[in-house]
Structure formats: C-alpha cells, structure tokens
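As structure tokens, the structure follows; a few thoughts come after it.
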Amino acid sequence: MATRYFNDLHNWLINEEFSSLRQARLHKAYVLWLNLIANPLALAGFLVVLALVLIATLAPLLANHDPILQDLTMALKPPSPINWFGTDEFGRDVYSRLVYGARTTLYISVLVTVIVAPIGFAIGATAGYLGGWVDVVLMRITDIFLSFPSLVLALAFSAALGPGIENAVIAIALTVWPPIARLARAETLTFRAADFVVAAELQGAGMGRILFRHIVPLCAPSIIIRLTLNMSSVILTAAGLGFLGLGAQPPMPEWGAMAASGRQYLLDAWWLTTVPGIAILLVSLAFNLLGDGLRDIMDPRNA
Amino acid sequence: MSIISVNDLVVSFGSGSDFKQVVKNVAFDVEPGETFGLVGESGCGKSTVLGALAGRIKGWSGSISIDGEAVGPKRSRSQLAKQQMVFQDPFGSLHPRHTIGRTLLEPLEIHGFDQRQERVERVLRDVGLPPGFRHRFPHQLSGGQRQRVAIARALILNPGILLLDEPTSALDVSIQAEILNLLKDLRERDKLTYVLVSHDMAVIAHLCNRVAVMLDGQFVEVASREQLLRGSVQHPYTRTLLDGSRGYVPPPKLAS
Amino acid sequence: MPEQSKPILSVKNMSVQFPTLSGVVTAVNNVSFDVGREKVGIIGESGSGKSTTGRAIMRLQPATAHVIADEMRFEDVDLLTASESEMRAIRGRRISMILQDPKYSLNPVMTVGEQIAETVILHERLGRRAARERTLAMLERVNIRDPQRVFNLYPHEVSGGMGQRIMISMMLISSPSLIIADEPTSALDVTVRQQVLSILDDLIRERNIGLIFISHDLNLVKSFCDRVIIMYAGRIVETIEASKLDQATHPYTCGLLEALPSLDRPRDRLETLKRQASWAEA
C-alpha cells in the first residue's frame, strides 16, 4: 500500500502537465531532490550541513554538560564516558561546547549570507543594467575590495571595529560581497538584452521590476552556488578571527577560539585542538561539496 | 489618417570610427487596419526600424507619429501600450522561470488594469490556448505554443499596432500556417494594424497589403501585394527576393 | 542523376533511442534508406528526427543514446561495427558534415586559411608554401573574391555564407564520397543561399558523390534535390522524386504542402495539419 502511495506521489511530482502553481513548484523541488540524491558527494555535503543545522537547533538536548560552567577540578581530562571529548583548561566539557559552537558557526554563516546576497546583487545588477559611468564607479569600488586578500581585509576591519561576533560578521561580509557583485553584474549583462527583458521594458517595466522580478530568478542559482562555495572560507575566516581573539569572545563557545585556546596544551591535551579542528574541516568541506554538486545540478548551462 | 507616420528616420550606432548609419532617411505611412511589410537581407536595418517604432531604440532622429501623436525616443506608459512587439525567437522571448500566467499578468500590473484573471483567460482563449496553460513554464511548451503566448502578451494591453519581427521564421511550416491564420483572424476581429518583418516573400504576400524592400538602410521599393503576386516589381533586388522564395534557381550554365 | 548500380550508404531498420527521466524516447524509429550518387533531401517538422538520423550515420550521437539497426553500410565499411578510430578516419575525410552554423565546425583559435591548409597538408602531402597556394586556389573556387584577406580571418570574423563556402572548400580537398548537410542555408539570406547552393551543387556533380540535405524548407528541397525522404515522428512516411513532390500521396506530405504560403497560389487561409495517429505507426 505504502509503495503504491509513493509511486503515485512520484508520478504526480514528475508529471509536467501541471494543474496548479503549487504542483509546478513541488515538481521543481522534487526534480532538484532527485538530482541531489543521484550525486553522492553532494548528498554527503548536504547531509553534513543538515546535521549542522539539527545539532545547532537541538543543542540543549544533545549537550550533556553546561558549555560555559567552569569546574577547575575537572580541568584537562581526556575523553571518557562522562566527557566524551574530554575537558578544557577550565574543566568545561568539550563535547557540549562543540555542540553549542555549531550555533555560532551557523549564526555567522546565515548572517553573512543574509547581508551579502542582497548587497552584492544590488550593486552588481545595478552596474550591469545601467552600464556607463555607474558601472565604472561601482566596479572600481568592487575592485578595490577585491584587491586585498580577504583574511587581511577581515582582520583590518574587525581590528578597527573591535572584537565581538557581530563585528566579525560585518568584517567577513565586507570581504565576501565583491565576488557576488561581479557575478551578479556578469549575469545581468547576459540577460539585459534578452528578448523577454526587452519585452518587459516595452510594456513599461521600470528598473526595479526588471532587476528584482526578471534578473533575480535567473541569477539566484549561480549566486546560491557561489555563496555555498564561499561558506567554507567564511567559516574558516570566522574561525581564524576567533583564533586570534577578534571574533566570538569568551566564554562563548566558538570552534576557532576553542582550537586557539587549546594550542598551549597541544602536547598534553591533543583533543582540545583536534576536535574543533575536525569540526571546522568537516563543515567547510561539506559546504564545498554541496556547492559543487549544486553547480552541477542547478546551473542550466551544464544541463 | 495614418496610424503610423514616419519621416526622415535616421538611426545610427557607435561613435568615432565605429560610427555607422544603419537606417538612412526612411519614410512611410501605415493606414489603420493595414499590414505593412519590411523585407531585405540580414543586417539591412529592418529590426532597427521596428525598434525605433516600438520605443526600444532611443538614438534616432526624424519624426515618428503614432495614432496621430508625435512621439520621441522616450515614451510614456500609455504611449508604450499603443504598440507591442512580437519577437522572432520563441525560445528567447519568454522568461524561462516565469509561468505563462505570471508573464501575462505583469503588463496588467504595470498598467493597473482590473479583472486581471479574466483578462488572462480571455487572451489565452483568443490565441487558442487552454486556460490551464497559465501554470506552465515556457520549457513545457512547443515553439508554436510559445509564439502564441508571445502574441497573447503583446495583445493583453489592447494595443492598436503589433510590430512583428519575423514571428514565424523559427517555426515549422504547419505551425507557421497556424500562426499566420491566427494573426489574420486577430487582425480582422480587433482591427489591428501590423508592421511585419520577414525574409520570406511568400509570407509577406500572404499577410501584407504593401511591402517596403530595404537594402542597406534604405527603401529601394514599396510594392503592393498585387504587384508581388503579378511579379510586376521594379527593382532587380525585389525580383531576386521573389525568385528566392520559390526555391533554388540553378544559375545559367555555359554549355559544356 | 538517378541511382547508379551500388548505393554509397545503405541503412536498414535503424532506430535511435534516448533514455530520459520519463522513459525511453525513440527519436528515430525503424528507418531504412539508401543514398546513391544523388542529392537526397530529408524533410519533416522540428523534432521528427532529421538531425538525429544524420548524426547517427556519422556515429556522433550523444553517449547516452542507443543506435540499433539491421544494417548500416557506407561503401565498404560496416558503420555498426567500425571502431572509434576507424570512425575518426572516416569523419571529415570520407563523410563530411555541414552544419547550420559553420562556427561550430571550425576551430575558433586558428585562421580559416590555416585550417584549410592543414587539410591540404594532410591529404595531399604538400609543403607549407604549396599548401597555401592551393588553399588560395580553393577559396577562389568557392567564389570568395578576396582570398588573401579571407585566409587570415578567424572563424568569428567571417559571415555565415562565407563560413559555409569555407566548409565546402575543405571538401574540395578532402573529397568525401558523402556529404551530410544539416540545414546548411537556413541562416543565410536568399542571395547568399543561391550562391552557396550552386557551389555545393557543382561539387556534387563534378565529383559524382552523394548528398544528404536536411531541411525544413519544402520549396528548397523540391528545387534542389533529386529525391526526398519525408519524416514524421521518427519514421519515414514517404520517399518521392523531388520533381513529383507536388503529386505526393501521403496526407502528411500533402498537409505540409498545403500549409505553405505561396506566391503562385495565393489563398486567404492556409490549411493546417490534422495529425493522425496512424502516420506515426505506418
């Protein structure tokens, strides 16, 4: 019975003779899903990212200790049935800090995306659509940002803004938007003279409508792919800032800062750096795999 | 009174060494309900003339008046709604990620029309498509169906003039026949005026009352439909085009 | 030029299938035909399988496609069993293809002259200097007025008509025995089309070779080809002498002819096809 049901559902979803808008939308999502599960590396990336989201939301249930409660009598204990990944120099449970640290990582990734995607798109698409001197000015500004190595730029900004996780997010966002703007400009240029855009202009559509209703849906896949691929460098930069003491401030659990503070005890307590290090590696690798997979699946040019 | 009146139209692109005059002093009038054809070889400036009429190309000089009102390079919304364009490539003229319904609703939103759903259904019926097509995306339509949607989009603002840039040259003959019949029916029913660009003299003779033959940005001849059918055209280039639409003509061979 | 004793190409019961998400698509379904030293047109609507047929003969179908046939013989070669390296030796030398857009067949980073000269060197084993001379002569043969200038142009710098002539000039050198032309003139102006076709016509006559001319322009095929194959939904519905196309009996062919606007027979309304399921079964 259940297989019958799923068969029918499958057939309804791959049927292209839509009878409603909702079916059309579900169809698109379902085809995306079918392609994703056919691509093992992308699926692996997707599952790790999904796990990150689940761990971050369910942190209070998953953690078996308080992540910031200090207990100096328990300092630097190796992994054991009580402290799965051992304890740090203040006797805090590393496993619980890792679980709560997922929240910080996710917080940074989401916030950077939310800031960068609209700004990068707006600047790039405006430059591409209007052309002329607007294009020249906006692209020169973008080039200036691009010409600095991103970690140096992030360091400079967060040093100027002062330590703190919000400032780290702003500093990282400042380094991430220029490539997005470039991408949005390039995509806008390819679609700006397309017949469907001209048709909309001849019907009186203004620039805002063209950019947000016509160009956005076409740029969105490549911007999403680019942001996903960038996410690993965002996470690494955030970890780097945390490591240098410029990102999240103690006692907030953050993987980069955790790895940094464990550095002094590297020989006695290897787990302090290794465990958050592996977490950073795993998540940034996962975002990379997912981004690569999405590029294969979503980019119409590869179809 | 003419619905379209064009005088001394000059369009040029580029500047300095790239400067090129693409349309050179073109003048014509189109009467209401008439279909005016434009033929000529690739790059002679047919689409450019249409672009200037539609308000797409801004850098022209001369005078254009539409529906008795002189228009400039910049058009107001109501001026834009008086003429609408249908493009050659049915695959490039619809937004690939918008449903047909959304494509048709957009002009209604821009111009603040009411009864939008009814209008969309009516225009789909007018071009011979079932109302269920509103939920489809362009990639789920055949070339002919897309071209019907493109015509529906052009008609939804109730323009008096349709500017047709090779509307059937990307289509199969049988689909072309359907679209040509549709265009004829709509013209009769709504008293529309067409300006039709085509490279096929047979299509021109089928639909147009008069045709202007363009060569290198200029009109070399304006012939009536009767002249085309009788073959009594003046210019040798017009004759070449007429012969060409009958198929391949082997060049006269020297006896060997 | 009607068939001479032995056909150049012989295809029996060929089918081409594409596996897709919603099942197997049979793009070409059990077609059989021979090509002799003649001009054979293939016409049919978009999607009827014309290009797929042409590509399958060259074994240029996408890797996912399945080609099945009882026989596919080109001169002395069995196209069904020939190895990939044998096919490479055949493509471009013994069977040549002309596509709608010559840009896709020419190397974009070499001048057109160099590309023709390369063919000369390969086929006639001439030195560089002699190859250049020969190339210029060939460009002149295909009515290119200023061969010296055209020699140094890159493919994106030549017009569509000139590109097709360059493709034909390469065939003058490699001397294939079969040419497959997939809509070679659809992107060309009427005047240029006449010139390109007459050069192609001369080539076929002089070398006494075969041509498969894929097109959807009925008037063109009628006036240019010797014989016409009419395809519908992957099947051949009818094969007929080009000069007798107007007397075709199959309702599909008649429907296509009726749908065509004509200068000689002006009508108020054009007939549209009333498709019948039986056409796709025949």
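Per-chain numbering from 1; labels A, B and C assigned in written order.
As a working rule, a contact is a pair of C-beta atoms (placed from the backbone, for glycine too) under 8 Å apart; a residue touches a chain by one contact, two chains touch by 3 or more.
A quick note: this is a predicted structure, and the numbers were derived from the prediction, not measured.
Student: By mean C-alpha position, what chain is farthest away from chain B?
Tutor: A
Student: Count the C-beta pairs in contact for every pair of chains, then give the pair with the highest total.
Tutor: B-C
Student: Need the CA-centroid distance for the pair chain B / chain C, whole Å please.
Tutor: 31
Student: Please report how many Å separate the Cα centroid of chain A from that of chain B, as a whole number.
Tutor: 47
Student: Report the inter-centroid distance (CA atoms only) between chain A and chain C in whole Å.
Tutor: Each chain reduced to its C-alpha mean, chain A and chain C end up 50 Å apart.
Student: What part of chain B is in contact with chain A in the complex they form?
Tutor: 54-56, 77, 80-81, 84-85, 87, 89, 92-99, 101, 103, 106-107, 110-111, 132, 135-137, 140, 150, 153, 157
Student: In the complex, go through chain A and note every residue touching chain B.
Tutor: Interface residues on chain A, with respect to chain B: 16-21, 23-24, 194-196, 198-205, 209, 213-214, 217-218, 300.
Student: Flag every residue of chain C that touches chain B in the complex, lowest number first.
Tutor: For chain C paired with chain B, touching residues are 45-46, 189-194, 197-198, 201, 216-220, 222-224, 255-256, 259-264, 266-273.
Student: Per the contact definition, I'd like the list of chain B residues that touch chain C in the complex.
Tutor: Within the complex, chain B contacts chain C at residues 41-42, 143, 171-178, 180-181, 184, 199-203, 205-206, 228-229, 240-242, 244-251.
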